[in-house]
Amino acid sequence: MKPDLKLILSVSSPLLLLIVWQAVTAFKLFPPEVLVSPTAVVAAFGEVIATGELQRHLSESLTRLAGGFTTGASLGLLFGLALALSKTVEQVFGPTFQALRQIPVLAFIPMLILLLGIDEVFKIVIIAKAAFFPVALAAYDSVKGVPKSYFEVSSLYRAPWWVLISKILIPATIPNILAGVRLSLTRSWLVLVAAELIVADSGLGQMMEMGRQMFRLDIVMVGVIVAGVIGFGLDRLFQLLQAHALRWKTA
Amino acid sequence: GEKPASKPAAKLPETVTIAAISYTYQGKPTFNGLSQVVINQGWLEGELKKKGVALNWLPVPTSVGGPLINEGFAAKRIDFAGYGDFPALIAKSGGVDIRAITSSGQGNNAYLIVRKGLEAKSIEDLKGKSLAIHRGRPWELTLAKLLDSKGLKLTDFKIYNLNPQAAYSALAAGKVDAVFTLSEAILQEDKGAGTIIWSTKSNPEWKMRTGLFARTEFTTQNPELTQTVVNAYIKAAHWASQPENRAAFLELASRGNNPTSVLERDYANEGGDWKDHFSPIIDQGFVSHFDDVSKYTFENKLVQKEVASRDFIDPTFVNKGIDELGLTGFWKETPVTGPVQ
Amino acid sequence: MTLKTLNLNAFKPVWLLGLIPPVLFLLWWDHEAAKGGANALAFVSLAQVGQALIDMFSSGELALSYGSSLGRALSGLLIGGGIGTLVGIAMGLSKPVEWAASPIYNSFRQVPILGWLPLIGLWFGSGDLSKLIIVALSAFYPTVLYTFEGLKQVEARLLDVGRVYRLNGWQTFWRIQWPAALPSIFTGLFQALAFTWISTIGVELLFSSGAGLGAMMQQAQLQARLDIVLVCILFVGLTGFAINFLIKRLSQHVLSWRSVRA
Amino acid sequence: MDYVPHSQIPGHKVKQTGAVSLKGIKKQFNFKDRELKVLSEFSLDVQPGEFVSIVGPSGCGKSTLLRLIAGLDDTYDGTITLDGQRVAGTSLERGLVFQDHRLFPWMTLEDNIALALTNRQISKDAKAKLVADHIALVGLKGFEKAFPHQLSGGMAQRAAIARSLVNEPKVLLLDEPFGALDALTRVHLQGELQRIWLAQGSTMIMITHDVEEALYLGDRVVVMQANPGRITHTVDVNLPHPRDRASPVLHRLKDEILAELTNVPEAPNSVVRLIKGDDQ
Amino acid sequence: MDYVPHSQIPGHKVKQTGAVSLKGIKKQFNFKDRELKVLSEFSLDVQPGEFVSIVGPSGCGKSTLLRLIAGLDDTYDGTITLDGQRVAGTSLERGLVFQDHRLFPWMTLEDNIALALTNRQISKDAKAKLVADHIALVGLKGFEKAFPHQLSGGMAQRAAIARSLVNEPKVLLLDEPFGALDALTRVHLQGELQRIWLAQGSTMIMITHDVEEALYLGDRVVVMQANPGRITHTVDVNLPHPRDRASPVLHRLKDEILAELTNVPEAPNSVVRLIKGDDQ
């Protein structure tokens, strides 16, 4: 019974959105120049696939995302844990961390260009920075909230730090950390696209920006949808991970 | 051109919205070029007020000005905009019905600046080297013309698509060999980041052109209001054209990205008179420039439809305004009269 | 402050440790700046930054831009965070809402803000309202996520107690689910804080120009005024730090019931 | 032994309601890939105002049983009724002291107890008075504002008892309520529980591992065995309340129950070999 | 009564190490605005290989004491030494069974127990064998893969006992280890604990509320009183192990201890008035 309703609801809500969208454009409630119709988007989709443009942009973006996001998120996890677990690390790096995580990486671009040039490394570093902070914060904040009693058991058996982290802290905080990872993915996408606007010839962001500059809102929408679908897919992956990590709750 | 015969609106709109590229100066937007003069003169606001119409200025930042204005036109949120040739043409080609109703003078210079220590005297010397340009921005056309004239192609260089901010950093850091950009290049040169080796001063006909554009629906429904707006811009141009106002105008302009010294140099050595910078007149040069832009963008698949100048340029308001204001012959250009070819 | 009120113990110098990284950074910075050449363009000297700070401060420009960015960030945080919490609650409490909303939420969340600009510009213009919407949106995503997660993680054994005492839906929520989810909700708030700052700066570049640190930074970059850029960065960072500190205090107060490591 | 109606026990007021009846209860858990039969054909009739003690080995299904009666779990076969009405969901008429205390960590002791009164239509002052009285009852005066993590194990357990008593349920289910208490506190609270039971005439079903306690308080002691959980023995205790702990009848019954409890086919063997230890 | 050295008790191997000494321990908690004195001038010397039982009222500071010895809390005055060395932090030499089981909810029973062996330099197989043996020891065979929420209260407690035994600490601290167990399981595990203690010669300090248990297992029973927590009485049990539970000596000592425990100036009064109840 229930899973059926789940399926129905989770399929029908996006579908409904699509129908509303199609209806709004069909009745020309908005000028077609700005709110393009789903059919126009499908056509544009066909166009950018046929020219191979989408594939090229997408593979560029995904490569950058993979490099930057994985580096940033894993370093963020380690740093967040260190910050939460070591008083010294917290005292020395805590304030800098809290200030730095609020500053858009985009503000550092001139300096980064000077240090890293304008090639791939630069883009990956920018994405890594964006991915780093949400995960670091999530790890830091949720480890800070782990009940003292868990630390006590671990200390009683003198679990070495890697056991403490892998067997106790991560399982205890996995929902919050994964939420951080999911946010960091969001932010990586955001910054990736922004970075591609500033310094790139290719990538989904560049495709969307050119689309906008050229007033091809159908192509912008293709970008929106592709980014949304890919992000959604990656996000689902994290949700599955989370369900797997939390199976002790329902098993 | 033939326009649908629609009746003038019985009722005047509540507001007239003009969008223009702007900068933030002391926390408030300062508009680029003549728009700020129009504001300062206050004439337009007063005229509109008499008719019970409010005047609304929409400041847009230079980096996203084109798309923002185009989207605003499409959404009928703006009625007039002072901006560049390229984005306006893109909007028109994309189905947004707008047209150019005045020119804003001779246009903007583009510059080619090479990094410090690079022994390059001309664009040919840069073959195989890295060149930064922000793709899709109006001055790309200027570059295309320059390359064309030398038998070069974009593929002869290692092109980096960088926005101006990033490009200047990269230039200073020596990460690119050259940047093709607007007058900020002078500033970069002053800072020691590089040397300017070419500019449109040698080829004024390749300058990027700007003008006042209007939503066609608005102009047909409110020809009188349109005329008032155009007249305001003509008056502003007239004011700016006075040699005694030169310093005042430069001071206004320096509130943007460039200090007066840079502006002075940007305006220097162009031959002709000071007032030539401000001529609102739509002449054949203006029309052929748009023909070129149209051709280039279409050939390079930047737009899907080629735009015919006759649909896109409407000199009637500016011609009438110059007449009304008694400024016939003040500027040297020969106005296009009758239908644009 | 009189000697009496000055509690010397409260001034244990451990917090000075926190100054090590910024000071080291500044030393390195000044060293780079002193190298001259290309470096001088990206690494302006600290003296120059100080001068810019004084100039911007005395002209009132800084206060104006800063005030407008701060106002935008805070109202975005308030609006986006508030609505986000409500949506997170709805998704966390009702399975059907979760099923219907989460595919949309999770895919919209992944769309780079840029993609929405044309639509938001169309619907809401390119003025302050649109800016506020984007900023609020950026605060909305993290708060939804963490509120939802927090509510989903509430232990069944505690909910059982509520059932035994026949708490109604509201009572169960207010007495059990909400407090149990609060730690997670605060994490969301901390995340949202950073997101609002980042989008505040970003959106000031993307919509109509006007007062704001983002616009100021953008223009300063074009003018190659790195000193101004740095002053802006400084204010963004310090303000974020300060707001973070306040929320931290609040959370420590509200979550004082937790028995966590000191 | 004949059953002595409660009304005949001096001092015991009996309500006409509070009859709990379990018929043919079957309950199983899906445990990994196999099914774990926890209760099988479990039937029990509890009279209004009766005090039933349940003893049985660890893991035989006692807590599971109380959860079913409390209405926390309705995935079972068979029927459970209260006064002839099928039990559906929880009800304020059926109180429960959980085996673990389950205090809310974010509420003070006071607030935790007041929670049970959330839906009681009495004045704020009356509530505060009830809460304060029950805190005093379990000997926690002075700890009203303490959070659970600031309480000792026994203190938390007492707080949980106070919470369940404060709203005077018709049927009170107690899962090892005194397990973590020292002898003195335990005796005291047994006395209090009995006093309250006598005065209110409520029905009580209490799980305990202390056979003496089961006999001291219960009208009846039910002995369970495991795999699957079932009743193997029932002992009626026909003595008036309060009882003399030293009564020879109680001693005899205790031996009887202990014999029943220790009468298990196989007890786990000593299988741990000690591999370390320098003196081996 | 004179103290009989352990070496004279048949079957008891005593290590030369494992002496725990507490001197002048003072411990207080900041509780709201006031200070709560929990332990005051607490001193106790435990011989290597001795089994000390501690009994005392709820909240008197027993668990706090074990936490200090385990090294989980070092904010106290006084000194605690193990074999003359000041105790600092936790150590694998000092094991502890918490009053609440503290199993990690995300680990299976097996993994929870294996956690204690993290730092043992033995082969994987040997670890697995040890874990399996200890699971069998506490009668939880078949539940190796169960998560804590799938265990009954007593089963979880047994798992916690297994976890503390598996790495054979020199000193084992037990906080009411058998509190949630039925009589049979309890007797069985008491026997196992004693067997392990005899074989390993480790030192044991056990908190219990069951005076019989304290006497059955302990070389010495320490009686505490509250406010502040202190030792008011010490009983040496000079009987060889394993003992006869029915021994008259034990019975006498039990009465002595119960008398001491119940000798409290003021017990909480019955203050709860019953405001509801239709039959009042």
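Letters are used for the chains, namely A, B, C, D and E, taken in the order the chains are written, and counting of residues starts over at 1 for each.
Quick note on the criterion: a contact is a pair of C-beta atoms (placed from the backbone, for glycine too) under 8 Å apart; a residue touches a chain by one contact, two chains touch by 3 or more.
Given the structure is predicted, the values throughout are model-derived calculations rather than measurements.
Trainee: Return the chains common to the contact lists of chain D and chain E.
Mentor: Joint contacts: the list comes back empty.
Trainee: Give the fewest steps needed to get from chain A to chain D, where each step moves from one chain to a chain it touches.
Mentor: Each step joins two touching chains, and the minimum needed here is 2.
Trainee: Looking at chain pairs A-E and B-C, which one is connected by more C-beta pairs in contact?
Mentor: Between B-C and A-E, contacts are more numerous in B-C.
Trainee: Taking CA centroids for every chain, report which one is farthest away from chain E.
Mentor: In terms of C-alpha centroids, the chain at the greatest distance from chain E is B.
Trainee: Roughly how far is chain B from chain D, going centre to centre by Cα mean, in whole Å?
Mentor: 86
Trainee: Using CA atom averages as chain centres, what separation in Å is found between chain A and chain C?
Mentor: Spacing between the chain centres: roughly 17 Å.
Trainee: So the centre of each chain is just the mean of its C-alpha atoms; given that, what is the distance between chain C and chain D in Å?
Mentor: Taking the mean C-alpha position of each chain, the two centres sit 51 Å apart.
Trainee: Could you say which residues in chain C touch two or more other chains, in rising order?
Mentor: Within chain C, the residues that touch at least two other chains are 38, 41-42, 117-118, 122, 157, 221, 258-259.
Trainee: Note the residues in chain B that touch 2 or more other chains, in rising order.
Mentor: 67, 71, 74-75, 165, 168-169, 172-173
Trainee: Going through chain E residue by residue, note those that touch at least 2 other chains and give them in order.
Mentor: 100, 149-150
Trainee: Return all touching chain pairs.
Mentor: Pairs of chains that touch one another: A-B, A-C, A-E, B-C, C-D, D-E.
Trainee: Name, in rising order, each residue of chain A that touches chain E in their complex.
Mentor: Residues in contact with chain E: 149-150, 152-160, 163, 167-168, 171-172, 245-246, 248-249, 251.
Trainee: For chain C, which residues are in contact with chain A within the complex?
Mentor: 14-15, 17-22, 38-39, 41-43, 95-96, 99-104, 106-119, 122, 141-142, 145-146, 149, 152-153, 183-184, 186-188, 190-191, 193-195, 197-198, 201-202, 217, 221, 226, 229, 232-233, 236-241, 244-245, 255, 258-261
Trainee: Which part of chain C faces chain B closely enough to touch in the complex?
Mentor: Interface residues on chain C, with respect to chain B: 38, 40-42, 59-61, 64-65, 68, 117-118, 121-122, 125-127, 205-212, 215-216, 218-219, 221-224.
Trainee: Show which residues of chain E lie in contact with chain D when the two form their complex.
Mentor: 13, 15, 29, 31-32, 55-59, 62-64, 99-100, 122, 126, 130, 133-134, 136-139, 141, 145-146, 150-155, 158, 165, 168, 175-176, 179-188, 191-192, 195-196, 199-201, 209, 211, 258, 261-262, 264, 267-280
Trainee: Using the touch definition from the top, list the residues of chain B that touch chain C in their complex.
Mentor: 22-24, 26-29, 58-64, 67-68, 71-72, 74-75, 77, 116, 164-165, 168-169, 172-174, 184, 187-188, 191-193, 257-258
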